[in-house]
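Worksheet: the structure to be examined is printed underneath.
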Amino acid sequence: MIRKILCGAGAVGMSLAASTAAFAQEAAAAAAPTVDKGDTAWMMTSTLLVLMMILPGLALFYGGLARTKNMLSVMTQVGAVACLAMLIWVGWGYSMSFGNDFSGETIKQFISNFDKAFLKGVTADSTAATFSEGVAIPEYVFVCFQMTFAAITVALVLGSVVERMKFSAVMVFGAIWLTIVYFPIAHMVWASSGLFFAMGALDFAGGTVVHINAGVSALVAALMLGKRIGYGKEIMAPHSLTMTGIGTGLLWVGWFGFNAGSALEANGSAGLAMMNTFVATAAAALAWMLAEKLAGHKPSALGFCSGIVAGLVAVTPAAGNSGPLGAIVLGAVAAVICYLAVTKLKVKLGYDDALDAFGVHGIGGMIGAIGTGIVYSSALGGPAGEDWVMADQLKTQFLAVITTIAWAAAGTAISITVAKVLTGLRVAPDAEREGLDLAEHGERAYNY
Amino acid sequence: MKFIIAIIKPFKLDEVRDALGALGVAGMTVSEVKGFGRQKGQTEIYRGAEYSTNMLPKVKLEIACSDALAPQVVETIQQSASTDAIGDGKVFVLDLASATRIRTGETGDTAL
Amino acid sequence: MIRKILCGAGAVGMSLAASTAAFAQEAAAAAAPTVDKGDTAWMMTSTLLVLMMILPGLALFYGGLARTKNMLSVMTQVGAVACLAMLIWVGWGYSMSFGNDFSGETIKQFISNFDKAFLKGVTADSTAATFSEGVAIPEYVFVCFQMTFAAITVALVLGSVVERMKFSAVMVFGAIWLTIVYFPIAHMVWASSGLFFAMGALDFAGGTVVHINAGVSALVAALMLGKRIGYGKEIMAPHSLTMTGIGTGLLWVGWFGFNAGSALEANGSAGLAMMNTFVATAAAALAWMLAEKLAGHKPSALGFCSGIVAGLVAVTPAAGNSGPLGAIVLGAVAAVICYLAVTKLKVKLGYDDALDAFGVHGIGGMIGAIGTGIVYSSALGGPAGEDWVMADQLKTQFLAVITTIAWAAAGTAISITVAKVLTGLRVAPDAEREGLDLAEHGERAYNY
Amino acid sequence: MIRKILCGAGAVGMSLAASTAAFAQEAAAAAAPTVDKGDTAWMMTSTLLVLMMILPGLALFYGGLARTKNMLSVMTQVGAVACLAMLIWVGWGYSMSFGNDFSGETIKQFISNFDKAFLKGVTADSTAATFSEGVAIPEYVFVCFQMTFAAITVALVLGSVVERMKFSAVMVFGAIWLTIVYFPIAHMVWASSGLFFAMGALDFAGGTVVHINAGVSALVAALMLGKRIGYGKEIMAPHSLTMTGIGTGLLWVGWFGFNAGSALEANGSAGLAMMNTFVATAAAALAWMLAEKLAGHKPSALGFCSGIVAGLVAVTPAAGNSGPLGAIVLGAVAAVICYLAVTKLKVKLGYDDALDAFGVHGIGGMIGAIGTGIVYSSALGGPAGEDWVMADQLKTQFLAVITTIAWAAAGTAISITVAKVLTGLRVAPDAEREGLDLAEHGERAYNY
Amino acid sequence: MKFIIAIIKPFKLDEVRDALGALGVAGMTVSEVKGFGRQKGQTEIYRGAEYSTNMLPKVKLEIACSDALAPQVVETIQQSASTDAIGDGKVFVLDLASATRIRTGETGDTAL
Amino acid sequence: MKFIIAIIKPFKLDEVRDALGALGVAGMTVSEVKGFGRQKGQTEIYRGAEYSTNMLPKVKLEIACSDALAPQVVETIQQSASTDAIGDGKVFVLDLASATRIRTGETGDTAL
């Protein structure tokens, strides 16, 4: 279930029509793929589900984990960077990710060209192909759907750097990071000319593009930014797990836009992705709580929430690439490993990933990407064919993961450095102590 | 007059207030505080970060009363707030130099 | 608008094909029902709406009504038992409710067999029938849709036992209760071989299965568990009616997945169910506030919220079985009676149904089930035919209600007893006083 | 993309069939327009999105901006007036707005007749036309969709009068205002016999009907009600910007029901409206924060939220009438002007528009309505044809705006006056000081 | 020195603070409390459960001042906080043995 | 005995508590308050409405201790709470007439 390159069918039709009559006929056929309104309805719904994941979803999930004095800062950073991503997406992001191929053989594996910058040529009538021959959706809908992916990914990165990074630095970082990290990786994974696509890497809904990418970038950013003042000494308990709980619920609901939406059609494949997104997540939530219990602690509400997210992350690349039982196992395994990452690894390595963007999205994403290469097997109920070889697939998955990690790390280092030069990156210690709400935004979240 | 400050367990508030009411204490001021003492608090863990602050939720009562009533107030609080478990709290008595009712400007015992 | 038995058309086709050629042809036709993407889109959307009712909807609605010290406990119990229900649904629930018939004439009225355990035979291509001849939806979508019903129903039961029941007891109770109470009743109501279905009981979206069932079980559980310490003496005011308000809004929005989704298609019947779900609820909200006013009190925000839920509960069985005016009356009547149940009956009988799961879902569900037998009448704008006899229908409705009550009560008694033996059921008094958040989960909901 | 008059196709067929045989055949064709399930699915989803904008969306957005002591009052007023609107809509609102024409030439420009009162003649099989020849949706779905518009509009008005207006006054005001202000204006804009419709005014999703209308009414109501006690002296900071933030997110998500739903189909036009609703909003959010920065202040979280809403308001009439770049500019301009209205104009004029219903919806709506006459131009990427003349369009837009302002102002004056006579309008000073939660509803929002 | 504790109605806070500022009181400490006294509270009802706690939200001011200033402080509070309605609150005066400014270590009147 | 009231900056709480613990202070009661003094607060702006309340979040400690320990307690607080910046707060000492432990009824120094 690998995504094909998608393009405005109108434009394609036209350019082809110019060559030969025979071709022209074929092109005419190709130029008029069926647009099913059921697909369109589902893809618009999915797009909104992903928006709801960002606002209010992620803003609450992250905001609730922060301290009271930084609540608004977290919500505003998440929201504003998402807005910025939307504008940039329209500006050059869509073109760089899903535009037309560069003529250079190498470069076209990494980005597409700028012909579609500012959505040039996209109209209410142009369409984007789906995975089924001759079935398309309105291109605007596809642009919107993919736009929300870009927006949430950059917002996810912020999880590790909140409570100390300047608002202006966030905006500068976001603009650069999207351009040099997100758009290329989205192209590599989802465009037919893209590097990973050509390799045959499996990634149903963006485990690599979104989660490994965001998680690794978050880790690098956190390391470059340094720890929060008082980290490890003061109490930094979540100021409202109620908000985190609401956020968790909205993330789960919204994630179906992500996963079942990535089928691009309202069909049985979307149904399978939905099924898996339910059970992997349910298994992960309970598995995390069980892990806490086995570690001698109480099964916690935050553990429940963390498990939900870990399961969602892990099942993202596998959503349409697994059977339900495979998904359950994948979710449970991811939850346990993320639990260890967050409670043991982080403590040992001593970095301050404030809201565990790396521990959950990074680690969970890797488990998911590798795991997809396993649960894809028909022996485990996955949709792989007879002649599929797990070892080969795993090699491919592994390669895609490694490349993503390297690319994200390098790109983040650059983006953070530029943000530091331009803005100073981190707020003054007094501002950090007082809280970014007052210091950066001049407001308090609560005036009870 | 005396100014009595009592720190008690939150769930004992209603009982203490009823007992004091029976005694004729007409008013008091109540606030939520955190207490730090011998009683140990629950450990809270959030994703591996452990906090055992030993800061426990308590309720603070402030009661101004006549010198005559003071000993009874202290005793009543002590008895009604007790659970015989650690962390039951304290009663402190301070001297009160003057008291004024804002509405009327009355002072002294009649202001209470 | 009674639901037919639903099954993977593929499987049906195959078994039939074995008998005769003539049959085989028919079967081939039957084996390829149309799957409309519009239906699929709507059913996936409906499924997510029901998920949103659970998390964050119900978790907030219930959580807001609890005291601060139990907020996380309520949210976690709701969430975790829903996750458990999802896994069990995939394990044996779907098969027991909507699997193939047992050969025994009696038993097949109560449950179906275990052929589909662990979703055996369900694929991205198998389908489930709808109410329209030859129209189907992907089976995975149907499995998911029904799964959310099971998940929310068991979560609803918890409303009466929060603030004192152990987390482990909740999980044990949930697993047993689903198996011996929910799956059989779902089968009885919705499978064509089911007892109530055969009787011709009307239940559009699960008034019996979900609300009477959950409400009665909640009452029995509350009685077995006993009152909360301090009940009737201490102040137990809702800690955040704001959260309850958010929950109410999400429940209303999500309930359309329940009610309009139960049409199984995106058609006029779904439109009617939507219409009724709007107006019955609006009428109920205002009626509850009016009842408060008439009883000499102030019309309250919690009254508004309670009215919303009472109206939604009552209109559930009637959604596609009534005209809008009938629905308005039904909603208003249900609100007033639930108001009396919650404010007078509960006080008189003295049980501690903490969040009024019985008073609203149980009572409201009964009004709805009986009322559906009235508003169905074409004289009142309902869709009944000419030769429909109200008295007969009412007898059927009544029988279904009584049977459900008895079954739910007995099953709950068993489930709670087992949970008591295995876990002790109730937390220690000190833990209850301190709050289940700290005692059971080691966290606080708020650290302002 | 102007909305045509919509009516039960069955009824149309019948009346036409009476005239001639030739016509009858045509009518028969017209009487059976295609109902696409994809459209139905999308329109049901859109309807729910608008409901979510009201509850919990607007209730939280407004409630968070109020003071703690009035939180429940705000939520309850918003919710209860919306419920009232739903019942009135079914009673006479739908008929007055989208019923059959009066025979009088003048009156039919302002309202339609009462034939469809209490939804007479509407069935699960009747349909409502869309913009595409021969494409229809179930009439119940159209009734529901439009119902949510009426419900949110009257709720929006309350933004200026909260924290002091009696609950009973709100209900009386709501009933009258809907009848004499909202239904006529909805008819004028959206019915083919309506005044503005005939003029050719552009209003894709209700900029005039909803936002100018609500904003101007809010201003008049605020002036008639007078300022809150302590206004300008006491601190009246928002009690929970977190709630306002959640509300903002839900408003944005829900607004796509408004805007993309107003296409009435799941097609490319809906996709365009979606695109514009994303980017105009994103641009507005950042523009508002930038305006704060340029004015020498800190870019604020409330500024972000206000920008979001201002952008949504402005893009409402333009959603399907603009290209994405035009929408970006429109959103940004609207945000800056609303910023000035809220921070400078309000202070200068000294009225107490508590939650800035006029400053954001009124002003933003006007910018949007006029701006739509500009961005419609194909030169700016809009969908206007060759022979379209901007000056003419602007004149039309201007006229529609002026008429709406006058009508809304007059109707509000009447409605508020009646409410005053019947209920006293404003709570007693002591009640206002204590807060409307306790005084009017007998509850507190929070009992931490 | 004196340590003055005043319980007032919340909406009077700004007025009192302004009046004290005019008097030259440089600082004070404010907290939210619940008051229990003659003033009756609103009855709250939640689904039939009635609570009339008589616990009303009040604001507590704590002001350390010189002996000389104390009588004026008390009077100013009494006048600016009064609404002539029940529940206006009280002013209590205690003797203050010593005062220290943390920043500088200064003690006595100059520390205030 | 003395009753010591200290107003400090919130982020200094842990440090002060540790220092007092080292001194042998077994218990204390902590509450969140708002302080009004020389230190200026951030201006908050909400849609053009500007508030600069000068009310800053502080933490109040209440510590009952023996007369002997009191000077050390004051000094320890003064030193551990100081940041040398305006707004560091105050330490007030009042005479304490009596103290009772609720659990046991003990009074005097042993009750602390």
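In this document, chain identifiers A, B, C, D, E and F correspond to the written order of the chains, with residue numbering beginning at 1 in each.
The criterion applied here is as follows: a contact is a pair of C-beta atoms (placed from the backbone, for glycine too) under 8 Å apart; a residue touches a chain by one contact, two chains touch by 3 or more.
Not measured: the values here are computed from a predicted model.
Listing every chain that touches chain A and chain E alike gives B, C, D, F.
When the partners of chain B are compared with those of chain E, the chains appearing in both lists are C, F. Interface chain A/chain D: under half of the residue numbers present appear on both copies, so the contact uses mostly different residues.
For the pair chain C and chain F, the distance between C-alpha centroids works out to 53 Å. Chain centres here are Cα averages; for chain E and chain F they lie 18 Å apart.
Computed centre separation for the pair chain A/chain F is 47 angstrom, with centres defined by C-alpha atoms. Among the residues of chain C, those touching two or more other chains are numbered 36-39, 41-42, 45, 235, 237-238, 240, 246, 297-298, 300, 302, 442-444, 446.
Residue numbers of chain E whose C-beta contacts span two or more other chains: 31, 44-46, 94-95.
Chains that are in contact with each other form these pairs: A-B, A-C, A-D, A-F, B-C, B-E, B-F, C-D, C-E, D-E, D-F, E-F. The part of chain A that touches chain C in the complex is made up of residues 36-39, 41-42, 45, 49, 67-68, 235, 237-242, 245-246, 248-250, 252-253, 256, 260, 265-272, 274-275, 278-279, 281-283, 285-286, 289, 297-302, 304, 308, 324-325, 328, 383, 446.
Looking at the complex, you find that chain D touches chain C at residues 35-42, 44-45, 47-48, 51-52, 54-57, 59-60, 63, 71-73, 75-76, 79-80, 82-84, 86-87, 90, 118-119, 123-126, 138-141, 143-144, 147, 167, 240, 243, 246, 437, 440-448. For chain C in complex with chain E, the residues that touch the partner chain are 235-238, 297-298, 300, 302-303, 306, 342-344, 346-347, 356, 359. Chain B makes touch with chain E in their complex at residues 3, 17, 26-31, 62, 64, 94-103, 105, 111-112. Within the complex, the chain E residues that touch chain B are 2, 5-8, 31-38, 55, 58, 60, 74, 77-78, 81-95.
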